[in-house]
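One chain, subunit A, appears in both complexes that follow, with subunit B as partner in the first and subunit C in the second.
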Partner chain A sequence: MLLEVRDLHVEFHTRDGVAKAVDGVGYGVDAGETLAVLGESGSGKSVTAQAVMGILDTPPGRITGGEVLFQGRDLLKLKEEERRRVRGAEMAMIFQDALSSLNPVLSVGDQLAEMFTVHRGMSRRDARAKAVELMDRVRIPAARERVGQYPHQFSGGMRQRIMIAMALALEPALIIADEPTTALDVTVQAQVMELLSELQREYDMGLILITHDLGVVADVADRIAVMYAGRIVESAPVHDIYKAPAHPYTRGLLDSVPRLDLKGRELYAIKGLPPNLTHVPPGCAFHPRCPLARDVCRTDEPPLYEVSPTRGSACHFWRECLNG
Partner chain B sequence: MPEQHYEPEPAVAGAAIGGTVDVGVEEAETLEKRPKGRGGPGPRDRPRSLWSDAWRDLRRNPVFIISGLVILFLVLISLWPSAIASGSPLKCDLARAQEGSRPGHPFGFDGQGCDVYTRTVHGARTSVTVGVLATLGVAVLGSVLGALAGFFGGVWDSVLSRVTDVFFAIPVVLGGLVLLSVITSNTVWPVIGFIVLLGWPQIFRIARGSVITVKQNDYVQAARALGASPSRLMLRHIAPNAVAPVIVVATIALGTYIALEATLSYLGVGLKPPSVSWGIDISAASPYVRNAPHALLWPSGALAITVLAFIMLGDAVRDALDPKLR
Partner chain C sequence: MAEPVLEVSDLVKHYPLTRGVVFRKQVGAVRAVDGVDFALGRGETLGIVGESGCGKSTVAKMLVNLERPTAGSIRYKGEDITRLSGRALKAVRRNIQMVFQDPYTSLNPRMTVGDIVGEPYDIHPEAAPKGDRRRRVQDLLDVVGLDPEYVNRYPHQFSGGQRQRIGIARGLALRPEVIVADEPVSALDVSVQAQVVNLMDRLQSEFGLAYVFIAHDLSIVRHISDRVGVMYLGRIVETGTDTEIYEHPTHPYTQALLSAVPVPDPEAREHRERIILSGDVPSPTDIPSGCRFRTRCWKARERCALEVPALAVPEWFRPAGGPVAHDSACHFAEAVSIRRSAPGVSVPVEGHGNGPG
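Here is the complex of A and B:
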């Protein structure tokens, strides 16, 4: 395994009490594999990624347990200086909004070149040439002329390509993309996603794709981990999930996607709201919103049941769910 | 707004009408920001940084041009006062005390019979020196401490912030009377030191707040996720984005420091004769204001214009650096 997260716990200390943003999350990704992490806002998917990258703001956040094994090393045990060397060079991250993720006072060429001067000790001239090469690689037209321009002179899609180029600069083994297409137009979304998965294949990288867009997931992901209230509720190969979800929350998510073949019918919505993380319901956190909930769900927290060797579901009644 | 900074969407239409753009399906999104107002399909945009945008804005602002010329003139006469006033400001002739304008002495004479024109011109050097050096000291001390406090936070931030509260509680004029009255040196340095001592908390607060705001931006997080070290984050990513408010406040403060020097000299605790300063002249002329108002008018006017010029410059710089405020 390239990256394996084991039983990760992250807490935030807030005025209302301790919020368990990540509560025992585990997932893994191999080289060349794409893992999609699905979930609503506040389900802990971004916080998990930040903990893996080591860019969680502490305080208010605090990692209270677990392991992040990257190429066999536990990153959580490394010193900050060693971690910093891993970031960018061996694992990199792409953020949601590329305009705000690029420094407005530096030209895009400077920002790309910085990757090489900082991590590789290249000369400015060589780094600049590399920057142009990277911009070509992510198919920015007229890269040579545009390398000196500033982020606000590029369109949203082009900016996201530049972010991708920065993340890919040092050919990291793992890329975490936190909703990389959410801020883009639908047509541009597809182009950017296609570029990302193409480059991933080319470099044989592991990719963790954090998203709430089920359409994107179906096209590019190999595995899916569904998160709810800081936990993984279902983890499975992508085809299994689309064929038959083994958790009522996953089923709810899939049913709430508009479908052409069900035109004219009322769109399904999961009733209720995600729980407040300072006061997560006892038992299964999803039970107040779950159509299958029984008494046991209100008292006993479901473990991640093994549905098949490659599949897990944190639902007491996963069999029922699987059979519809 | 005469010129947009962040070109809005209609630029797309303009570019398409221009007709030089290949509207491929793949790269339809490249139809974007083009320079507008230059008519039709120009070459691809030139790189435009925040600073070059700000400079372009400033050059077109009449407030900036006027205040800039006044300040340029002040700087020149403080470097070479003899170029326009060849006499010595210390050569006085009591027999001509309080005389009005005479040929060769356009501003007349003060109570000691000194030439007001020469003294006013030579007084600029003191004001500009105190203003510039005090501002530099305040800006360096305040922004370094402020940036460190804002960046690292925690205990040092709390301690430094409380220290600034203490300095804010010191009344400027009273503090000047107490601290400077014990100093006998008749140079600009005690005055500059005093202004830096009382002035840095203002810049400290601005810099600290600005760094805290910028630190939360996504690009700082992104740079961190790509392996930037704390010093690189601070110097490359945070400082250049946080410096604008510091520049603006420092420019405006420069004007007030010049006024403060004059105030302290007026009260007799800043510079003292035989130094030449507008504050000293205003102080010396005020007893004779009924008989020789010109001796008061010229140095006061010079002081007012100088302070105003720096405050106007600060306003213009603020407008250029933060167009949203307009």
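Here is the complex of A and C:
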């Protein structure tokens, strides 16, 4: 396994108390594999990724437990100096908002070249040539002419390509993409996702795709981990989950998206709201919104039950859910 | 279609680009909306889809008179509202209300929910007698599924979905006939989106509302709309009933847009035929000649650069009729099969059409 997260806990100290943003999360990715981490805002999907990358703001955040095994090493035990060498070179991240993630006063060429001068000690001239090559790779037209331009001179889709180029620069083994296409239009989104999966195949990289879009997940993922209130509630191969979800939250999500090919039915709506992380309900965090909830759900937190060797569900009544 | 409440014809909004400080001269224009026509029937939902920058939000703003059109007309029950002012305009505005995209910035953080929802009554005092307002506001909150006891709370005490309900309650306050909703659910989480979409569905039948529903999410637009218009660079390129547009699109842009929408069904992965458009949308300051989509179109020929295609039923579809015979602004409009799901669920091809030449 390329990356394995084990029992990760992250807390935030807020005025309202301690928010358990990540509460015992575990997942893994192999080389060449795509894991989609699915969840709504506040589910802890991005915080988990930040902890893995080592870019969590501490304080207010604090990692209170767990392991992040990357190629066998526990990253949480490394010194900041060593972490820096891993970050960028061995694992890289693509953010949602390319405009605010790029430096507005440096040309894109300089920002790309920086990867090579800092991590590889290349000369500026060689690094510049590499930058042009990368821009070509992510299919930015007229790369040689545009290498000196600034981020604001590029369209949203082109900026996201530059982010991808930057992530790929040092040929990392793992890429974490946090909502990489959310800010883009559908036609551009399709271009960018296609590019990303093509490059992933070519370099045999592991990809963690963080998203709330069930459509994108169905298109590219091999496995899915569904998060709710800081925990993984279901983890399964992509085909299994769409065929028959084994957790009521997953089922609710799938039923609540309107589909182009199924018109006319009233949308299923999960009642209520996601919980406040400083006051997560006892027992199963989803029980106040769950149609299957019973007494045991209010008192006992469900473990991740084994549904099949490749599949887990954190629901006491997963059998019932699986059978519809 | 039912008797139209709103008729828009040849609507244009150009924003001038000027240069110079003392002697300002116009050097060009952003052609945000460049000739849009549609009609909205009573109690009907018209969906408008398009990518960012296509002018859909500018259309929305003109409908509620937040922007004055450069040219064209907007008729509300036969009366051109773009020519009205003062009292007459105010009276018409009462009947056309708006729900905004971002529930975080469209509610004043220093006003209570009661004040926000009741504010329309300050502007149109004839709509509700003063003593009756509090009760009306509480009724409205109840209608949109919020606890009427919340009237004294402030927006920050609510979640995104609840805030959007507040925005909808405000839109309903004056009992309008038309609600213009600009991306009303795109800022919300998936599980909350469904709640708001269902609410809008319910309110429509309860109050006989007509919606102009603007969004970039094609699935949601299909779900809620009776008719759909697809916009590209300031113009509607194709329009028809939801089945005509989604099952039988004939404009290449609509076809590309539909094929790009990810479908939540991994089985469909291998069977989908995707049209990946090259390049980006051209700038609205520099719109291509002829057909504005031709720079990204795989079917473009010489004629497309010379002649602007009209939004009408293509001649070659007219004799046979059927769902492919709807308005499409393409010289080479063609029926294709849209296959989104696994075989067996796919939509059969009906009617073949080929452009002349």
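Annotations
FYI, the second predicted complex is superposed on the first by the 322 of 324 C-alpha atoms of A that agree within 3 Å, B and C clash if a C-alpha of one lies under 4 Å from a C-alpha of the other, contacts with A are read in each partner's own complex, and residues count from 1 in each chain.
The rule we apply is simple: a contact is a pair of C-beta atoms (placed from the backbone, for glycine too) under 8 Å apart; a residue touches a chain by one contact, two chains touch by 3 or more.
Source: prediction; values computed, not measured.
Of the two partner chains placed by the overlay, only subunit B lies in contact with A:E114; subunit C stays clear of it.
In the superposed pair of complexes, A:M158 makes contact with subunit B and with subunit C alike. When the two complexes are overlaid on their common chain A, residue A:Q191 makes contact with subunit B and with subunit C alike. Within the superposed three-chain model, A:R146 lies in touch with subunit B and out of touch with subunit C [touch as defined at top]. In the superposition on chain A, A:G252 contacts subunit C only, with no contact to subunit B. Once the two complexes are laid over each other on the shared chain, residue contacts for A:M53 go to subunit B alone; subunit C is not touched.
After overlaying the two complexes on the shared chain, residue contacts for A:Q71 are found with neither subunit B nor subunit C. When the two structures are aligned on the shared chain, A:D97 is found in touch with subunit B, with no touch to subunit C.
In the superposition on chain A, A:T182 contacts neither subunit B nor subunit C.
In the superposition on chain A, subunit A positions 141, 155-158, 185, 187-188, 191 are in contact with subunit B in one complex as well as with subunit C in the other. Subunit B makes touch with subunit A in their complex at residues 5-6, 26-33, 44-45, 47-51, 217-219, 221-229, 232, 236-237, 240-241.
Contacts from subunit C toward subunit A in the complex involve residues 51-52, 159, 161-162, 189-195, 197-198, 201, 216, 218-220, 222-223, 242, 246, 256-269, 274, 276-277, 279-281, 340-341, 345, 347. Per the touch definition, subunit A reaches subunit B in the complex via residues 53, 55, 84-89, 92-93, 95, 97, 100-107, 114-115, 118-119, 139, 141-142, 145-146, 148-150, 152-158, 163, 166-167, 185, 187-188, 191.
Residue ranges of subunit A in contact with subunit C, taken from their complex: 40-41, 141, 155-158, 185-191, 193-194, 212-219, 221, 238-239, 242, 252-254, 256-261, 263, 266-271, 273-274.
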